[in-house]
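Each of the two complexes below includes chain A, the first together with chain B, the second together with chain C.
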Partner chain A sequence: MSELGIVYALLGAAVAVLLAGAGSSIGVGIAGQAAAGVVTEDPSKFAKVLIMQLLPGTQGIYGLLVGFIVLSKVGLLGGGAAALTPQTGLMILAACLPIGIVGLISGKYQGKTSAAAIGIVAKKPDQFGKAMLFPAMVETYAILALLISILAVTNIPV
Partner chain B sequence: MAELYTYAVARIRALEVALFTSSTIEQLMGCKTEEQALQFLTEKGWGDADTPLNADAILTREREKIWETMNELGVDMSIFDVLSYPNLFHNLKAAVKEVCIKGEHQAAFYTDCAIKREEMLRIVREKDFSKLPEHMQLAAKDAYETLLHTKDGQRCDIIIDRATLDAIYEAGQASKEEIIRDYAEETVAVTDIKIAVRSQKTGKPLEFMKMALAECKSMDVNHLAHAALSGMDAICEYLTSIGYGGAAEALQESASAFERWCDNRMIETIRPQKYNAFTVGPLVAYVIARENEIKTVRIVLTGIQNDMPEEVIRERVREMYV
Partner chain C sequence: MAVLQMQKISICALKKNRKAILETLQSMGAMEMITQDLETEEFETLDVTGQRAAFDRNAAQADQALDILQSYVPENTSLLSSLAGKKLIERKSFYDAINRQDKHMSVAKKIIACEKQIAECKANIQRMENQRESLTPWLSLDVPMNFEGTRLTSFLLGTMAPDITLEKIYSILAEQAPEASSIDVTIVSQDRDLSYVTVICMKADEAIVEEALRTNGFAKPSQVIADIPTAMVKQIEEDIVQEQGKISQATQAIEALADKREILKTVSDYYRIRAQKYELLGTIPHTKETFFVEGYVPAQKADKVLQVMSDKFQAVAETEDIAEEEETPILLKNNKFSTASEPILESYGLPHKGEVDPTTIMSVFYVFFFGLMLSDAAYGFIISLVCGILILKFPRMSSGMKKSIQLFFWCGLSTLCWGVLFGGYFGDIVDVVAKNYFGVDVSIKALWFVPLNNPMKLLVYSMLFGTIHLFVGLGIKGYMLLRDKLYKDFVCDIVFLYALLIGLILILLPSDIFASIAQTKIVFPASITLLSKILAIGGAIGVLLFAGRSSKNPGLRLALGAYELYNLTGWLSDVLSYSRLLALGLATGVIASVVNQMGSMVGTGIFGTLIFIVVFIIGHVFNMAINLLGAYVHTNRLQYVEFFGKFYEGGGRPFNPFKSNTKYVDIKKEDLSL
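Up next is the complex of A and B:
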């Protein structure tokens, strides 16, 4: 049996972790710059802007979760890799694409929205709840992608 | 790179909280004596612990703070060049007069400029105009020779003022930043209106206005000059027809209302930057807003110093950015 199937499956896990993680790091980085700007002038807002900065970090966690499920599914975590056909491996790779791609894009844009929302917290700290909702809206689409990726990976017969 | 200004804009947002609102200015106007007003300003964080309790020292320190903050933001400071043109050209004007007319005019120089008093005086004295920025060279030479040969100080002023407007407008046109383009356009347009109004009041000829008025997109300066020749009503009519109805209304109200309108117009232009999170716009807007704030505080303090009635001060108080 060719090992191409397991290669494709691992590629899927890598795509999920890499792209979603990259999206989160970009997003957290953007929001972190804005948070640093506010804390430079007003350190008392540290806790509030830190929460805002962390919001785009979830995509990376989602990617990691899908990566774990894939590794577990193909038996790599248990020590014995399953014998996968190339078709099955490709199916797993395709299942990982939603969280990978959506994680990358939504992470970046959630970071930008968080940075803008940090501007609200800087001027009106009492509006923190409302300010947090704007970046949280972007999260919806990362969750949808996560859902599809998990459903697809878990339902592929191995 | 949209993220280039993320840190700077967020920091500016935090600083905007400390900008004076209209109600803070009202509170300042409520102070009965200058000492009370200065005390109020120091309580609001104006000046430093070692700044003497006098208006000039506090306001000068606040102006310095603006540029200290901008320097700390780690952005390319050349984006603010256009804001310094009026002061830079003013220093040129002061140097030309000092060299040609003789006599000390140290107080007439701005100190926070790229070219300091001594260097500007050396350039003019040695006619080393090539050391000036390109947009200043021709005007400097022209103004120097005009004043030297004709002793006509007003003509010298017009040459340099016109060069200032042209430089601002060109910088605006060349800039990729919307805020700089808007600032340049509004500055030139509002200054043209001021020139037309003053020319009408002092009965200046068409040639004078053609020399003083700078071209801009918002208005046809030729039309404005001819309107100024016809009278104040013609100016108001023309201004209303091109969307400057507020200026016409202010002109009909009083001279100080018109001056206030000119500054308020700039604040209106920069106000959308309050909602911009990633460009240089909020930074430039903050500098303009701070300068407007300092100018307004100076007006109020001058009013209190001279026991002016509250309504007279109120008529001159500018709109605040926040």
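Up next is the complex of A and C:
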């Protein structure tokens, strides 16, 4: 019985890292294509468009963060896994869902917004500050999801 | 925290001094010119397109020569040299360069000519190599390719299908030209595409032999040369060597001119400055004897300009204050600390006329929030150290770059402070090393608390900082209204909103929701509870009744007021947005711990230590870079969206003085006191 709890918890960690990471790779990929196009025309914009490309990369890091907190919480990293009830395991899985799912979706859309913002940088490099804001807007929701995931995971009694 | 006061300046002077005055103004760089259309019967403007184009052309030529030099004799540039800024040269050496400008331009022209010659030679070599290529199959032919035969024989030369054999050709000829006798066929060479064939036959049979061959795919080559192929190839190879000699000669000539690089840069900038002057000159109205310019100067520099104009050139110059409704260019003046965050404000937009410059207040919050998001003492120390060294090492870097690096210097210090407060030094490196190598549990105590152990506490503080930030923003709006003596607007838009917000916060604080977040129950005395209700209700009624006061229709007015009340949800989301302070702060610490943990997995032997060091360096550089980016982006967002959203519009035009916009060198400022 107690084995099932740890399985659920690990599934939660996997969901957080996997979905958010997938979202970030999609987003960074989309933005990277746009960035590569700009650099072909004007290599001097490399640094600016690279920053833009990296913006959708944070969701993957948030996923990693939650995954890591889960792993260290259930004791998988220290060697001695805690004996979790299936209920606790499922609670941890549920706590991981926000950053996983929101990370996936917001990563993708932040990537598209980044690609559009890279278009701004290509035409008006001096508007870099404003261009950066649009992708940052999308990220807000990933941060909110991260917050709830962290708060939930850290407050589930093990 | 100030937008510099501008004054309008008008200068009227003798035309003979025109160029000298413009050059002086240009080197002072204190005045923005107003170009206007005064061309009437009294005034006319000079047509300077010719001179200007000549200067532009010369500058472009010098630039081109410099580009060529760069591609043949690359200058040693390190990654950091872009920070070094333009080279400062003495005014005297600048004028020395100008006095010999024709000589320097002939250097530029020579470099360009050499480059052109190299390009031509390369094209020639390419063409000759193609020719040689087409001759290769015929190399074993020992007669000229246009050889037609002897007195009695004919010589045919051509190509056929690649898979043809001698037997096949003979059998074709025997079949289709049976009357021809004494035919000699040679396959000179064969490759994947073609067979190269020569046929010798009696002159009388030439027509039928050729016909028979042609029906079987025999074609004469398009290019026939009047020489034996081997001799021709030898000739071509000699020519190629000769062309290569020319290339290396021209390359050497260019390389020999590499030491002229600095002087070419100077000359190029001289032409650039002159072109800018002529561009302005073309817009200045003048009469027969006098001319007239008008522009903006910062008030503090106005006296200096006036003095120089009247003392040096006997010009009539006067300043006047600028009319209320006129949009003036914006120049910011801040103290040493806040100047660093001016680029952040500029990228949002300079204050428009009448707005206060929020740089000082913003810079404090900026550095504060940045440190909170990164919050690792070691990272902060590294950032400050690197930025500090860069500032000291490259004192002449461009001003925008310098400001940004200064800003990161301050942000690094703030990060250091927050790291000490939260006990983050490369994450938990001290714990990990102490435990793995010395078997003891040592950790540097957090001065305040460890966010990962008590995230709710930091969440509450993040929102508190956010609320303060937002209230300050609203306060600045109130200040602007008071300054403009709009007392009614101040009460209706600011005071009621403050009352409502403070009342709501006071009601919220003792509630169960807040208690569960903050983990402490706050109990207010009855008087404060009552006060909070009065404030909230009074504020709400005030907003409801007066927010829509611009509308005459009472129904619409109430509807607008209600909408304004509904906008309170915007305040809620603004405050929640500050939770990113917590999220990003945690992210740095947790990823740093992941890195440390990964590094220490291999063990503590020599190999394990090596792995640990490698993982430590790569991991922390990555973590620092990604979180630096995150902290930068999200601190900007908090300023731009949440803070500026409360009071700031921006959209001012930056002050753009008439000055020497150089590309390569800075010229030492002339001593203007004279």
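Rule of thumb we're sticking to: the second predicted complex is superposed on the first by the 157 of 158 C-alpha atoms of A that agree within 3 Å, B and C clash if a C-alpha of one lies under 4 Å from a C-alpha of the other, contacts with A are read in each partner's own complex, and residues count from 1 in each chain.
Here is the rule we use: contacts are C-beta pairs under 8 Å (C-beta built on N, C-alpha and C of every residue); 3 or more make two chains touch, one makes a residue touch a chain.
Everything quoted here is computed from the prediction, not taken from an experiment.
Colleague: Clash or fit: what happens to chain B and chain C when chain A is overlaid?
Modeller: They fit side by side.
Colleague: Return first, second, both or neither, reflecting whether A:Gly119 touches chain B, chain C, both chains, or no partner chain.
Modeller: A:Gly119 sits against chain B, while chain C stays out of touch.
Colleague: Which partner, once the models are overlaid, touches more of chain A's residues, chain C or chain B?
Modeller: C
Colleague: Which partner does A:Ile150 reach: the first (chain B), the second (chain C), both, or neither?
Modeller: In the superposed model, A:Ile150 contacts chain C only, not chain B.
Colleague: Regarding the shared-chain residue A:Ile92, is it in contact with chain B (first), chain C (second), both, or neither?
Modeller: A:Ile92: touches no partner chain.
Colleague: Quick check on the superposed pair: does A:Ala34 touch chain B, chain C, both, or neither? Answer first, second, both or neither.
Modeller: Once the two structures are laid over each other on A, A:Ala34 reaches chain B alone.
Colleague: Between the C-alpha centres of chain B and chain C, what angle is opened at the C-alpha centre of chain A, expressed to the nearest 10°?
Modeller: 50
Colleague: Once both structures are overlaid on their shared chain, how near does any Cα of chain B get to a Cα of chain C? Whole angstrom is fine.
Modeller: 9
Colleague: Over in the complex, which chain B residues touch chain A? Could you list them?
Modeller: 2-3, 6-17, 277-278
Colleague: Can you check the complex and tell me which residues of chain A touch chain B?
Modeller: 30, 33-38, 40-42, 45, 112, 115-116, 118-119, 122-123
Colleague: Once bound in the complex, which stretches of chain C touch chain A?
Modeller: 344, 346-348, 452, 455-456, 459, 576-577, 579-580, 582-584, 586-587, 590-591, 593-594, 597, 626, 629-630, 633-634, 636-637, 640-641
Colleague: Please name which positions on chain A make contact with chain C in the complex.
Modeller: 51, 54-55, 57-58, 61-62, 64-65, 68-69, 77, 126-130, 132-133, 136-137, 139-140, 143-144, 146-147, 150-151, 154
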